[in-house]
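Structure provided below as structure tokens; questions to follow.
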């Protein structure tokens, strides 16, 4: 990291000055660019390639109050073997208290265990609780932590508080990867999305993630576009590569492919792998599998032939 | 013993100053009866060139002035004209009643146009409801430097062609009526004392057929008003030459200035600028 | 080779049925032309698409007579009835949108994404917009009963064959005029398809007449003594000739001519959107756009950063088959235009500017030119002064807003300009100072039927679109 960037978090004032010095984002222009990329027509061999790539990037997620060990085990089984010939997904994402169940069910599969933490989804708790929850999830076997930022502090202009929390949670992660959820639906403007992205990267996040899935809008294409621009520019500035995870609202193969087109034409090849791009979703996987089968057989698929887990 | 009058020397009006023609030429102006009135300057092509330079120089400031300010100045011209009502009536060489009526009409016309300065934009501008998240507004703007061949009616006709050109922010070079140029130069004295910035109106006296083609072909003139051209061949030649830099051209017209002027003389020398901006948070 | 290659995604040609030969459309019927026929080719492949008739001056005379004959009845119709014909045409254009888009891309070379998503929707919208005016003219501010002019002679270019046709025909008809329109000789096919749509709409014969051919046919339309109104979109040089021809005739004239627009980027701009705006400004429609942002004026302080971002973005542009749905840059419209682009680009190099294009494989057949940037350009270079009408961007720098305005206005043209800054008051100051008919702030190359379009200075006169666009076709 360059000296100037290392210093930006030395005070609230310098951090604010840096974040507000980033180029602005014109909403209409960003929306148009994302919409235009959304018209790319991905067919035949490219589609087959995209579907398998998308499956390998899925963070298969269940984040319900009604989650049980049985539900998590079923999801893990699907994560290991999504379908005939299909690649395995990237990770299973659960609440911290179910991490041990997922870790057991996924042992040796190569599928990562991801856990939300830090008083997900609102983030409204003390730093001590957030750090403790992170440590517990890691201790229970989480490979990845999906933390939420304090949107209240961000919107109140207390960027330093957000930064310090992310840094503290990162420290608590140890070897686990940290995904920082910006909850872009609550940040309201694209300028804020860009600033929050840089804030999360400066504070040490390994991934930046759009949403909890509990707030609408969640992962829209323009928001993902802006975050992809941010990781691209951050690597140019610092040499460090950060991943991107849109999550929430990605339900169809078409949605997934649009996301891959965004990656391809914004950040480029280096991000086209599960190490650097994830899709947080639950129902998306079956649609990907159905489309995959359609390509293989030439017939449209039916939902009865795909398992609901 | 009667006093010998001090005569006025009629010169050109360029850039707010009153120079003689650089050519040193003049031509005699006579009354309708044939009596000698004065020697008017006979402007050359170089005077026309200098007048265009002066107009170009004045254009940014005049077009950038507030509409309110331009309206005030046009109204001020009317006030100054009112103060010289009798002088102009004398100079018109008409019967006294007809002359005063003509001067009064010229004053009233200036007042009418003065009021348009801050209204023409509202009347000619449009807010455009485009199918997308954009603010989109069209506004009229002055064309630039307009060359005007004034009609024969020496004051009312002159005022009726000059006021609509300048009220919207254009600058102009006027070729005064060839046989009755004296009121034009007296009007220049009015303009020079009305806070009108130098160069906004430049007045040349001389031969229409000599000056108009140079102005029509001048590449730094944006528009051409041929109202006062009575020779159809000259008008055609000027209009053809004007095509070289796509001048906006207003063709020859009659010399009846009694009716409602309408907007046509203003809109002929207005452009429309449309500005787009996205609307987003 | 990228990890994620898009497989070809061609739009099907089956939706269009191109006949081997086409005649003229006069008096509601397709008729033979008496001039020699000419070939129209697909510029992406050089294959001949069809033989098209040339209208001689006699044919043009027939077309003008047909238009004259139809004028009284057409202008005498209640506006509400004229409106319904135009609404019909708009609807049929929507119904046959894909067919029109494919044919436009075949004949012109533009990407199907643009003909499908921009040209054809705007064409339908333009007819809708002016249809609505036909019965409201007495409320448009031109007095209680503004009258049409008569027969309009209209000559349009090859860059937006359908859109320029819509810009010409829709307001003319709405105001009660009848028209004789000449499409460009390299792109006549979609105009002839519109003729067929006029038949489907049961438009009265002679209200729209279409005469195909080259410059001589256009000259005959413009010079015809029974034409009351001339409208031309094309080059400034031809515009000059037309203005000279029309001089003294009393014909009302509107001209939409060339441009050399400055696209001005300040250091505080929203950079990613500015890059998109620059790309859209010069590479939309292969740069065959009169209002293209062909001069990039970038504030010196962000020159390097912007140039790097621009080059990175250019590397993602997809050049190739216009019918492929993923193509961003299609074919240059003709061999003649390609030669002109090459010539000016060579002049750019020989005058000392530095040329750059991304790695870009050009197809073996057809007319192609890669997206190209020139840096180190000075105002004195030909590529900064002359309209290239191709995918070539000249990049200049400035230091202050006043200098940007001075450079932007330092051209005989005045069609359009772009401003990129996040500071509102600066946008308005700049927009006020720029001598151009359309100013796009934080956007570029946006078009809408409600928005007037047209230039200052040598970019022409008159406006197309919006309320102002009516004036060109009314006796006011």
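In order of appearance the chains are A, B and C, and numbering begins at 1 in each one.
Methods note: a contact is a pair of C-beta atoms (placed from the backbone, for glycine too) under 8 Å apart; a residue touches a chain by one contact, two chains touch by 3 or more.
To keep track of the chains, here are their UniProt names: A = Deoxyribose-phosphate aldolase; B, C = Aldehyde dehydrogenase family protein.
Just so you know, these numbers come straight off a predicted model, no measurement behind them.
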| item | value |
| --- | --- |
| Chain-level touch network, classified as line, ring, star, complete or other | complete |
| Chain nearest the global centroid, as defined over all protein CA atoms shown | C |
| Whole-Å separation of chain centres (CA-atom averages), subunit B against subunit C | 37 |
| Mean-CA-position distance for subunit C and subunit A (Å) | 44 |
| Centroid spacing, where centroids are CA-atom means, of subunit A and subunit B in whole angstrom | 69 |
| Residues of subunit A whose C-beta touches two or more other chains | 26, 28-29 |
| Contacts with two or more other chains, residues of subunit C listed in rising order | 442-443 |
| Shared-contact residues (touching 2 or more other chains) in subunit B | 132, 134, 278 |
| Residues of subunit C defined as touching subunit B within the complex | 125, 141, 236, 239-241, 243-244, 247-248, 250, 255, 257, 412, 427, 431, 435-443, 446, 448, 450-454, 456-461, 463, 466-468 |
| For the subunit B and subunit A complex, residues of the former touching the latter | 132-134, 278-281 |
| Subunit B residues within the subunit C interface of the complex | 123, 126, 128-132, 134, 136, 138, 143-144, 222, 232, 235-236, 239-240, 242-246, 248-249, 251, 271-278 |
| In the complex, subunit A residues that touch subunit B | 26-29, 31, 188-189 |
| Subunit A to subunit C touching residues, read off their complex | 23-26, 28-30, 32-33, 39-47, 49-50, 53, 226, 229, 260, 264-265, 268-269, 272 |
